[in-house]
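These are the structures in question, set out in turn.
There are two complexes below, and they share chain A, which is joined by chain B in the first and by chain C in the second.
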Partner chain A sequence: MRRPISLYGLTFSLPLLIWQVLFFVFPLVFLVALSFWTVKNFVMRPDFDTVNWTTMYGRTVFWQAYGTTLALAAAASVLTSVLAFPAAYAVAFKLSDTSRRWAVFLMVIPFFTSYLVRVYSWQTFLSDNGIINVILSWIGLGPFVMLNTVGATMIGYLTLSFPLVVLLQLFSLVFIDRTLIEAAHNMRCGRLRTVFEVVIPSARTGLVIAALFCFILSFGDFVSPVYLGGGEPTTLSILITDTTKSGQQWPRAAVIALTMIGTLMVVAFVAVKFAYKGKSK
Partner chain B sequence: MSRDTLVSFEGVVKSFGNFVAVQRLDFEIKKGEFLAIMGSSGCGKTTTLRMLAGLEAPTEGVIRLSGKPINDLPTWSRDTPMVWQSLALFPFLNVRENVEFALKMRGVGKAERRRRAEQWLDRMQITEFAERNISQLSGGQRQRVALARSLVVEPEILLLDEPLSALDAALKVRMQSVLKNLQRETGITFVYVTHSQSEAFSMADRVVIMSRGNIEQIGTPQEIYRTPKTRFVADFLGSSNVFTGTLQRGSAGSGIEISTSVGRFDLDLPNNSNPLGQSATLTVLDTKTQLSHTRPAGANAVPVRMIGEEFVGATATIYLETSDGQEMRVQKGHQELAELDLEIGQSLFAWWRKEDGHLIASS
Partner chain C sequence: MSGAADMNRNRALDWALVAYIVLAYAFVFAPIAASFVFSFNSDRFPSIPLGEFSLDWYRAIATDPLVWEGARNTLMVGVIVGVVSTLLGFGAAYTDYRYKFAGKQVYLALALLPPTIPVIILGLAMLAYLSRVNLSGNALSVIISHVVVCAPFAMAIIRLRLSQMDPALEPAAWNLGASEWMAMRHVIVPFCAPAILGALFITMAVSFDEFAVAWFVSGLNETLPVKVLGFLQGQVSPRINAIGTFVFILSMTLVILAQLLLSGRGAKSAERE
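The block that comes next holds the complex of A and B.
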């Protein structure tokens, strides 16, 4: 049932509302306006010209970066979800209550250190004379090029979102009605098949939301593609910095940023729609 | 083990750590019978059912299904479908998909699956809801989906764990007759766990009464009602007045009587095999207990005081108290009550014919 918002309720939501208006709606509106400004002799001028949009959308490099970013974020979401699921499943169903509490606690620890620090430490592992290659050389292998590859970028994305995805998946798995699993077993559905027939459909909302978070974080990430991927291939976040650096093209950067926001909104909308499909009736 | 035995429990014990849920079960379930396992919560009835379903493994003993030991058979390798108290319908599947689930797991082809599901949807009168979500159904409709889902594989045995407990009284009664008819028509063995006496007694061919992990009595509802085997059963059913005392030779020189704190009562025991001097329990059904204002001649009578009355439909329960504070109850029709002209606080005699008394030896 929908009820009108009372003044009392508004008192508590007002600070958040003001915050959102000041730091989300206002910059967004400004960003939209900025994308129509023009730049002459490295100086920005308020204007209403669609030239930035036509220029950017007319460039192959933009669409290449767009495709790359979309593909990388999608791959990261799938990879992270697939790798996180067995971990979340084990913690949800195989551990005792005490061990589960410890596992949750341990999964919070990665958030203690800054993401940037964690990415730098990956460099010391992955570089040509880094820890992994040194160890491999002891048994006569390598060196392997690992840093500045797409694989390294993916490791960065995993570092960014893996603990969060495990936690989100875990919270949706622990709320599954155990009798549903028993009922499936009782109807000749074996263990592994039950995971696909019952566990995943039951936890769908949480699993999709977890993957969505991974997508959002990876899609906008700048750190991993630069410091682990070596800036190749170019992602949209890299393209934004390049654009601002080359001739004060902030309006064109605004076009890229708005495209990213639009994409995320569509993806989030579709994902949430899918996550809650067939519910709330 | 006789030929018509479907399931046998042989010395089955189940403990969870230090807690012994089931002490030692030795009983058989016959082919095609409606067996109710009844008891209060924690008596081990659900654990017994879950062991039969393969959801718990017995700590000791053997469970046989059609003669074969099934202890080590996981639940997905047995054909013991169960209906859960929560029904455990899959909320992410619609009604038809729920009913088809077990067939799908058996690798039954799509067309055949649909045909067989259709049959059961029709039989349970839920065809019109086939494409609905579970959340759109009423309690009774869900009940029918759960039954269709379990029965679609046409099993030999169906296990039911208090499936009606969430329904309101009227619907409960209607579902009871649905269940009973279904069992009769299909000939499938039903094992029905419940804490409700009315459910067990109205549907079951035989009832198992459990207490603290033990079987107190197995028998037809009539047997259990008329001749409870233990003091626990008599108290649990709550339909008898119970007296404890010692057996002795009758004061008239013949027969046997029981001497209790509220009097000595003649027993109808032509072939008594119980040693005299042994303590025993006498039970008299509250429907067989009579009331009068004067002491009746030639019957067992107890002086009592009326302490209350309660009307339930066509009958009323009169609550009485003996001189030593023991509670007694009498069931009477309204007509009879009007003739007796009772009022609370009145002194009366509760009496019964000696053949209406039932003796439980070694209380």
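The block that comes next holds the complex of A and C.
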């Protein structure tokens, strides 16, 4: 365990290091450089010009998209966490060991189905002649416009992160010291109060990390806002794909991407700080 | 549930919670089930009541050369990505298990962080960078990008397995005269074998479904998920359901294989701890 650098050790540790430096660190660093390049006649040129930053930051469209994306991602994290918690709680405390193992296995399945296919499938449910409107018409309701709304975008975000959030919450709930809960019950602490004053604080780290993952996923997702939300309102992810794919405005897209990374780093830092507040480890 | 908790039980509440579980799983599986059902349905614009049973959409994708080409690309990319990611991930997992060194935190960050970067940003960064070094627009660029995202999964799976190994096992082999390489070959690799295969299948499955980074960097060599994205953008068609069902069955086969391997002999010894 203590022998220093050897050919043997390097054979195992170096390949990944080299790969991730070459193809993960360098591309991200290059993104920074790219944001200072200029585009003349659809040709990019290495440069050191802040024009992309000033152009993008000077646009109301950009800040509107920024506000929208932040609000949508924050709303998605809160909504997903709140909807996932009772499910994670019930799986953790109300199911037998065997059923719980099945529940975990079933929640893993969505990770191996195509997110695109699930979003397309939601269109089938939400469209004007879709499944939900047909069922509603049987009892004389509707039709309601559900596709191409913010609500549909939210369903997409839920589709994207609900399984992950349930699993992360579940893992933090399973590791709660059960004697704490029994102690609360013995001291005549009500069920709901036990949940809020014992269960949630004990599982805080996992709950916050789960919400953070939901925020990161929703913040960068372009599929739901486009194919369920109808592209309105514009999010930063839509802005990036549009800027990249139409015309050679990669430097401007880089500005958007770097702004997103910066925002995510701040959010992640605050969330992690809060998640581990007052804990030694 | 132990005695103290039993006193505090409320049947109605328990039933409500179990009902909520069912509801949550219904929400998660509704789109998956619907996609499966409608892939066998004749209607162009699927809804209820169901149309006739039909294999038209499967026939449509089976006769579409572009879909075949996409499937070939997906399969080729997925297999290579699986092998390379698993090799890199194994190396990183073993490094973390065995060595302590300055800058290990940075090493682990590089080994685990990539999946937390939004794919759209990674896609843009990859596209810009790879086209700069003349590697973009082909299957190789998809492979390179997918390995960046998949290697961390392989690393995590194999690292978990290594943490179940008795730490005295490897030094014991050395004491008995085995070289480091021999101990690796006869002790470490056999012990990790189920996790290595598991990682191989999981990373392949991740690559099969990845569409965003692939969309940015693939150019004309589109993988199947990128084709699906194309279908979504263009004439929306139930062909998506047929492709989805097909890829789902492929991915699930891999995942179940991985699950069987990971929870076979190995997991049992771990549970006792």
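Keep this in mind: the second predicted complex is superposed on the first by the 260 of 281 C-alpha atoms of A that agree within 3 Å, B and C clash if a C-alpha of one lies under 4 Å from a C-alpha of the other, contacts with A are read in each partner's own complex, and residues count from 1 in each chain.
Operating definition for what follows: a contact is a pair of C-beta atoms (placed from the backbone, for glycine too) under 8 Å apart; a residue touches a chain by one contact, two chains touch by 3 or more.
Note that the structure is predicted; figures quoted are calculated from it, not measured.
Q: With both complexes overlaid on chain A, does A:V266 touch chain B (first), chain C (second), both or neither?
A: Touch partners of A:V266: none, neither chain B nor chain C.
Q: Now for A:V82: first (chain B), second (chain C), both, or neither, which partner does it touch?
A: Neither partner.
Q: Have a look at where A:H185 lands relative to chain B and chain C in the superposition and call it first, second, both or neither.
A: Touch partners of A:H185: chain B and chain C.
Q: Please tell me which partner, chain B or chain C, touches more residues of chain A.
A: Partner with more touched residues of chain A: C.
Q: Which partner does A:D177 reach: the first (chain B), the second (chain C), both, or neither?
A: Once the two structures are laid over each other on A, A:D177 reaches chain B alone.
Q: Of the two partner chains, chain B (first) and chain C (second), which one does A:R193 touch, if any: first, second, both, or neither?
A: First partner only.
Q: Applying the document's definition of touch, where does A:S114 land relative to chain B and chain C: first, second, both, or neither?
A: Touch partner of A:S114: chain C, not chain B.
Q: Would you check which partner chain A:A71 touches, where first means chain B only, second means chain C only, and both and neither mean what they say?
A: Neither partner.
Q: Could you look at A:R204 and tell me whether it touches chain B, chain C, both or neither (first, second, both, neither)?
A: First partner only, chain B.
Q: After the superposition on A, what does A:F24 contact: first (chain B), second (chain C), both or neither?
A: Only chain C; A:F24 stays clear of chain B.
Q: Could you give the residue numbers on chain A that contact chain B in one complex and chain C in the other?
A: Residues 182, 185-186 of chain A touch both chain B and chain C.
Q: Could you pull out which chain B residues touch chain A in their complex?
A: 53-55, 74-77, 80-82, 84, 86, 88, 90-93, 101-102, 105-106, 133, 135-136, 149, 153
Q: Chain B touches which residues of chain A in the complex?
A: Answer in residue numbers: 177, 179-180, 182-190, 193, 197-198, 201-202, 204, 278, 281.
Q: So in the complex, the part of chain A that touches chain C is made up of which residues?
A: Its residues touching chain C are 1, 6, 8-9, 11-17, 19-21, 23-28, 30-31, 34, 83-84, 86-87, 89-91, 94-95, 103, 105-110, 112-125, 127, 129-131, 134-135, 158-159, 162-163, 166, 178, 181-182, 185-186, 191, 213, 216-217, 219-222, 227, 237, 240-241, 244, 250, 253-254, 257, 260-261, 264.
Q: Can you list the chain C residues touching chain A in their complex?
A: Touching chain A: residues 2, 4-5, 7-8, 10, 13-14, 17-18, 20-21, 24-25, 27-32, 34-35, 38, 45-49, 87-92, 94-95, 98-100, 107, 110-111, 113-114, 116-122, 124-130, 132, 144-145, 147-148, 151, 155, 171, 180-181, 184, 205, 209, 211-212, 216, 225, 228-229, 232, 236, 240-241, 243-244, 247-248, 251-252, 254-255, 259 of chain C.
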